[in-house]
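Down below are the structures I want you to see.
Shared between the two complexes below is chain A, which pairs with chain B and chain C, respectively.
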Partner chain A sequence: MKQYSEHNFEQCTKCTVCTVYCPVAAVNPLYPGPKQAGPDGERLRLKGVAYYDPAIEMCLNCKRCEVACPSEVRIGDIIHSARIKHSTKRPGLREFTLANTDLVGSVATVVAPVVNATLGLKPVRKVVEGVMKIDHRRIFPKYAFGTFEGWLKGQRKAQALYAKQLAYFHGCYVNYNNPDLGKAFVKVANALGYGVQLLEKEKCCGVALISNGFVEQAKKQAKTNIKSITKATEQKLKVVATSSTCTFTLRDEYDHLLGLDNSAIRDNIDLATRFIYELLADGNQRLEFKSDAPHLRVAYHSACHMERMGWTKYSIELLKLIPNVELVQLESQCCGIAGTYGFKKENYETSQNIGEPLFKAIEASECDVVSTDCETCKWQIEMSTSKRVLHPIEILASYL
Partner chain B sequence: MNNQYDVIIVGGGATGAGVARDCALRGIRALLIERADIATGATGRNHGLLHSGARYAVNDRESAEECIKENMILRRIASHCVEDTGGLFITLPEDSLEFQAKFIDACRAAGIGAEAIDPKQALALEPSVNPTLIGAVKVPDGSIDPFRLTAANVLDAQLHGAKVLTYTLVEQLIIESGKVVGVKTLNTLTGERGEYRAQITVNACGIWGRDLAAKAGVTINMLPAKGALLVFGHRVNNVVINRCRKPADADILVPGDSITVIGTTSSKVPFDQCDNMVVTADEVDLLLREGCMLAPALEHTRILRAYAGVRPLVASDDDPSGRSVSRGIVVLDHATRDGVDGFITITGGKLMTYRLMAEWTVDLICKKLGVAVGCTTAVAPLPGSAEAEKVSKSCKCSVHCVSAKASVENRHGERAKDIDNSTAAKRALVCECEQVSVGEVEYAVNCLGVKNLIDLRRRTRVGMGTCQGELCAARAASVMSEVAGKSAAEAKADLKSFIGERWKGMSAVAWGDTLREGELLSWLYDGVCDLSNLKEQK
Partner chain C sequence: MRYDTVIIGGGLSALMCGIELARNGKRAALVAAGQSTMNFSSASFGLYNAPEPLKAIAQLPQSHPYAKVGVEQVEALAGVATEIFNIAGISTVGSAERNHKVITPVGQMRECWLSIDGVVSAQDDKLDFNSAALFVPEGFLDIYTSFITSALQQMGVMTSLCHFSLPELVVRRNNPTEMRSVSVARALDKEENLRALASIIVREAGDAEVVLLPATLGFAQNDVRERLERMTDRRVLMIPTLPPSVEGVKAERALRRAFEKMGGAIFAGHTATSYQTDENGEIVSVTTSKDVTLMAENFVLATGSFIGRGLEADRQGVCEPLFGSDIIGATSPLTDIDIYSPQPFMGCGVDVDEQFHILKQGKSVDNLYACGSILGGYNPVKEGCGAGVAIITALSVAQTIINR
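And now, the complex of A and B:
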């Protein structure tokens, strides 16, 4: 891996390909684009705070600029770091609610049927828009009745029976909204001879805290996670996550945006599809697939952070291994939600405009189901198209 | 056409522009003639350091006193050209702290506020400073933009009735009965010849003043001393860093606008090389090596370009380095010195003292012309610095270009209000690195005497950023051809000359990212735009 210099922005040769690939610049002319918001802007910001342009806060942090950059400039990091340093916007109730996925999730899962029913009501969503500036058209993910952690704790004895063990970083979404994905992961891991454990203590990875301006809290949670993952690493336990954004945040954002040293554990954090694909690719491990499974046409959507990690290929190759799965690879583009970004009233139009070409491509693909490794892409696509979205691991599990 | 003036000033550097302004403010009809663009000689080829005078305090008390006085004056009258960065004189383990004590005493004696601070304090004040320092002294250094300063002087001279001719070469002095009564000129853009008359002709040509004096049969012994400098890609330091020792090579690091400059070297050059300054590999090595002693981060910082200027020193002794020559101001009244009436040479000095040089010159002019008006340039603010506090309310920019607004106000002070950025088309950026809009280019062409892209760079910073014109040059050429009514062929020739000039500065430091940038520059302009002779210019 290349060592990035402290003057990383100077590696920019101004070729502007980042701006060509920026989903926000494509739909919103008020956004200066990654080149100007990033390396150009950083140089000017060294002159003084008067050169900080709040327009850069329109950045989604999708990192597609970094993928496009031929000069290895960490454009997204530069923009986000400037935001952290200079933004004068103070997070409010909305940001607090959207960012504290752990807190909100742990309350909501206890009274899930009520929360789900309430947030499903249009008048309620209108009130939410008025009070919270969360767009009324946005459909909230449903909360589960009971957490994944609770379920897995009940499985502890059964999981301990497996000779090989791994630690699962489930993330807030699996824990509070979709424990079924976690259960699917456990099923696949068990089929490969791995028992699944929880980390000693797991906190939300913090991605929503970072993007909503709660950097200190994000650092606190990150330190807890780094500690837990370090312990797992010392016990020779691989740490595997199903969420691409959690994986990316743990591996890269902790260092780049929070300034925390995660170098000792970074390589021990893996994405579920990559972990499984590599096990199977070795040839030593095999999965027994159902012989009578139905034909399924799956359109795979590459989430932005999957692209940034360069790991899209693992999910695609894994899906291709499943008999009777017909894979359609959608052109790689941002769906527009970018975590909590698309929830905010002022971003709703931009968010939907960014996603529009993807939504059209999905409808045109004639797929049975869409698959992606990112939960927020799932919400966006399910809200904006007629299709259901499943994680590759859920599809894989259903064929076992 | 009336070609009669009171005074003709030859040379459009800071000094010539300052003389023209001072004349105009005193009601003297002045004509300023410059063979190229303003600030193309030594004025535009130095650190851009607003000297506190501390550097001269030990060896040259007179210069030190002049500097600190002018420093305080420039902060007032040229606030939009000056940055109050403060300065540090650092002592490294290989330097002597005894010099520091002597230095502080000398500064105080010259009236320069010099305060020794703890090395830790110095590091807190300027984190880029060499952390091994053993001593630091705080002085009131700053930075000054010489292009902006000269342009503001020219603009004010014009606003007060002076006439300015750029790209006009003085081919001959008109001498009648032993008196210089005017000049014969050639416009180098149009080929047009002209004749202008005045009671007094002022030679403000810097090192080239020797040649102009020779046209009047007068000999001035000058000593061309070349100084090379490097421009780094961004502001590495926010405080000027000097080495606290006897003045030597490459011991001043100055943050100026969006970049940092290290300099200088000092070497004697032959007169025939004054128009052809090339920075050598040895000079680059020396600058970089010494620069890293001031701020170690320079080792990993992209170097944008190298450039060199020629100090117009008047030879007073045989010192080969040209360093112990006083930077003192030299006003030569050739009537008394050589028996040539109507001819004055102003030389020596330095950018810092341009205003005082002008004052002394115009005082002499007044005496000769019998004008009894005093000098006001020490108190009258330059255009752009008049209403600094009102600046941020004056510019009509929309909310979405905060950095462009800050940039244009920084460059033009309250004059930014004269720039039309009212529509999206006018706000569109020509130069993204330095945030120069279409409106600003139009203003520079219409109001600041810009004739070509290189002139535009001096007025607006177009092409001074990281990409060195790679993205902005073609856009600027296009806007300029519309505003100035140039043909496509003229615009293309201008573009070629601009890119050639940018590459000249880059070529001396063309490695790493600068080389990659150069490759892209070449690919765009040679490969895509087919500026076919670009290779020859390299």
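And now, the complex of A and C:
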């Protein structure tokens, strides 16, 4: 490993290529762009906090600047760390509601039909916009009636029968919104001979807390997760997640943004599609696919954090292994939602403008469904195009 | 993951090699550590700095990469390159027989083999127009306007200058650093902005034969120049800009798309950090900074020179950090005190045999090749052959692998 100085921005050669590939700079001329907001600004911010420019808060932390950078500058991390350190914005009720996915989810899943029906109503969304500054055009993900954790606890005995075991980091989305994705993962894992366990204690990975300014709470939750994952690691249990953003946060953001040491467990945290693809690629493991499965044209969308992890190809190659699945790889670009960013009234236009080229590409792809490893991309694409979005694991499970 | 060939690099050389392999049915993957130097190129490609480049290439010493390819083969592969640009939808002008000249963003005239269609170019030091109107956005940072106009005057072209603005560009100027080519090109992707520019041109161009603009004509779209020509009923030509260059970005994007369309895989944002060998010393796989291991029959090192981090230098000397390849040209001193002299470090690069196999401790590795600016034995700046060597050696390596 190369040893960089404490100030990673020193690697910047001022080539400006990051700004070329920044989705925000492309649509919003008021955003200074990643070079200016990141390494250039950091040099100034070291002199004094007066150089902090709140315009850098328009960054949506997609990290595409880091993928584009030829010099391994962690531009997104620099911007986000500066924001954590210097931002004077105090999170309000809206931020609290959007960021506390665990708390809100626990309540909403108990009364899911009521919540879903209510949030589906336009007048209600208008009120939400007035009170909370959450854009009324934004469609909320539906809540499930009952959590995934609850379901898997009921499966404990059946799962214990498998000789091999893994721990599943399901994330808030699977737990509160889409337990079916978790069930699909369990089905695939079982077909490969793995029983699925919960971690001793799972908290929201904290990505929404970090981006909404609740850093101390994010650290607290991260420590709980690190402790649980350490325990699983000691028990030789691989920890697998279906969400690309959860995986990225656990592996990279804990260290880079929260300053927590996750080095002992980082390599033991894997993404579901990568874990499964590698099992199949070894040749020792096989999956029996349905012989009469229907033909499906799937357009794969590479989520930003998936791109930053560099693991897009695993999902694509896994989907290609499914007989009768025809894969179209969409050009990698941001969908614009960036977690909770696109929900906020002031970001709605930027969010939709960023996503526009992707939405057009999806409509033009003539696909039956879109697939992506990120749940918030799914919400954005389903709201903004005519297509349904499925996780690669859901597609895989439906062919078993 | 397993491929036929893994190419370490994501720039012009890596893409050319990858495309040639992919269109010959090979499964190829690129390991691209960030965006490549194509983003900084002016989108003109030099073969060799001489009026008749092939004649000059025939005289080069055996240590030069072109000499290893051989001049007949250089000519043949130059044709293949033009074909690949065409397939990728990049329309170029120029020939390997006889160079043309292009104007640089600082108003110099440079020998050149291929240029993106629509760039101002001169044959035998003559431009094919006598009067021009140059339109530059107000506050634009990426060309040196007065150098350009005086260069044009010197070539006998009557040039008028018009600074223009559009509402969207006025907003851009709030930020002192971003009045750049890409921002202007993005604005001109929009129909309303292009129409506004067209009406300014019609009003201000007088009877100039040709309308000149910095090369900022469309970022997402490729037909903006042609549309502007139709709207203004004038010939519209482009002046190359400082990096990042819109035409360079578009050319890289077009080559990447072509490669992926042929089934090629690009591992973007990955740096190859280690490799594994078998008992014969052949390379079995490389592992990247993103914990991805790529297995292949053949490996091509196309990581570029110092700017692409293919080569690294410190006070001890020059090294190639991935495979520890032998280095040639690391003479002492590495720099010349006269900054305008050809710098000796530019001749540094990895040592290869006649087929571009990399040498390690004097022994060639059978399934490991190098191509592009990581090669030593030539000076890309002085010889004006950076792009040419990148393309020709890439295609040569690809053909060796195909015929293996």
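Keep this in mind: the second predicted complex is superposed on the first by the 396 of 400 C-alpha atoms of A that agree within 3 Å, B and C clash if a C-alpha of one lies under 4 Å from a C-alpha of the other, contacts with A are read in each partner's own complex, and residues count from 1 in each chain.
Just so we're on the same page, a residue touches a chain if its C-beta (ideal position, glycine included) is under 8 Å from a C-beta of that chain, and two chains touch if they have at least 3 such contacts.
Because the structure is predicted, anything quoted here is derived from the model rather than measured.
Student: Should A:Thr16 be classified as contacting the first partner (chain B), the second (chain C), both, or neither?
Tutor: In the superposed model, A:Thr16 contacts both chain B and chain C.
Student: On the A-aligned overlay, A:Ala25 touches which partner chain: chain B = first, chain C = second, or both, or neither?
Tutor: A:Ala25 sits against chain C, while chain B stays out of touch.
Student: After lining up the shared chain so the two structures overlap, which partner does A:Thr340 touch, if you call chain B first and chain C second: first, second, both or neither?
Tutor: A:Thr340: touches no partner chain.
Student: Name the contact category of A:Gln36: first (chain B only), second (chain C only), both, or neither.
Tutor: Both chain B and chain C are touched by A:Gln36.
Student: Identify the partner contact of A:Leu44: answer first if only chain B is touched, second if only chain C is, both if each is, neither if none is.
Tutor: The first partner, chain B, only.
Student: One more residue to check, A:His7. First (chain B), second (chain C), both or neither?
Tutor: In the superposition, A:His7 contacts chain B only.
Student: Quick check for you: in the superposed arrangement, does A:Ser71 touch first (chain B), second (chain C), both or neither?
Tutor: It touches chain B and chain C both.
Student: Which partner chains sit in contact with A:Tyr52 here, chain B, chain C, both or neither? Use first/second/both/neither.
Tutor: After superposition on chain A, A:Tyr52 lies in contact with chain B alone.
Student: Can you pull the chain A residues that chain B and chain C both touch?
Tutor: Comparing the two interfaces on chain A, one with chain B and one with chain C, the shared residues are 13, 15-16, 30, 32, 35-36, 40, 71.
Student: For chain A, which residues are in contact with chain B within the complex?
Tutor: 5-7, 9-16, 30, 32, 35-36, 39-41, 43-44, 46-48, 50-55, 71
Student: Which part of chain B faces chain A closely enough to touch in the complex?
Tutor: For chain B paired with chain A, touching residues are 233-235, 238, 257-258, 297, 300-302, 399-403, 406-407, 410, 429, 432-433, 435, 465-467, 470-471, 513, 516-517, 520.
Student: In the complex, go through chain A and note every residue touching chain C.
Tutor: Interface residues on the chain A side: 13, 15-17, 19-21, 25-26, 29-30, 32-33, 35-36, 40, 66-72, 267, 281, 307-311, 313, 317, 329, 331-332, 357.
Student: Quick one: which bits of chain C touch chain A in the complex? Just the residue numbers, please.
Tutor: That would be residues 1-2, 33-37, 39-40, 168, 171-172, 174-175, 177-178, 180, 182-183, 186, 220, 243-244, 249, 257, 260, 265, 267-271, 288-292, 307-309 of chain C.
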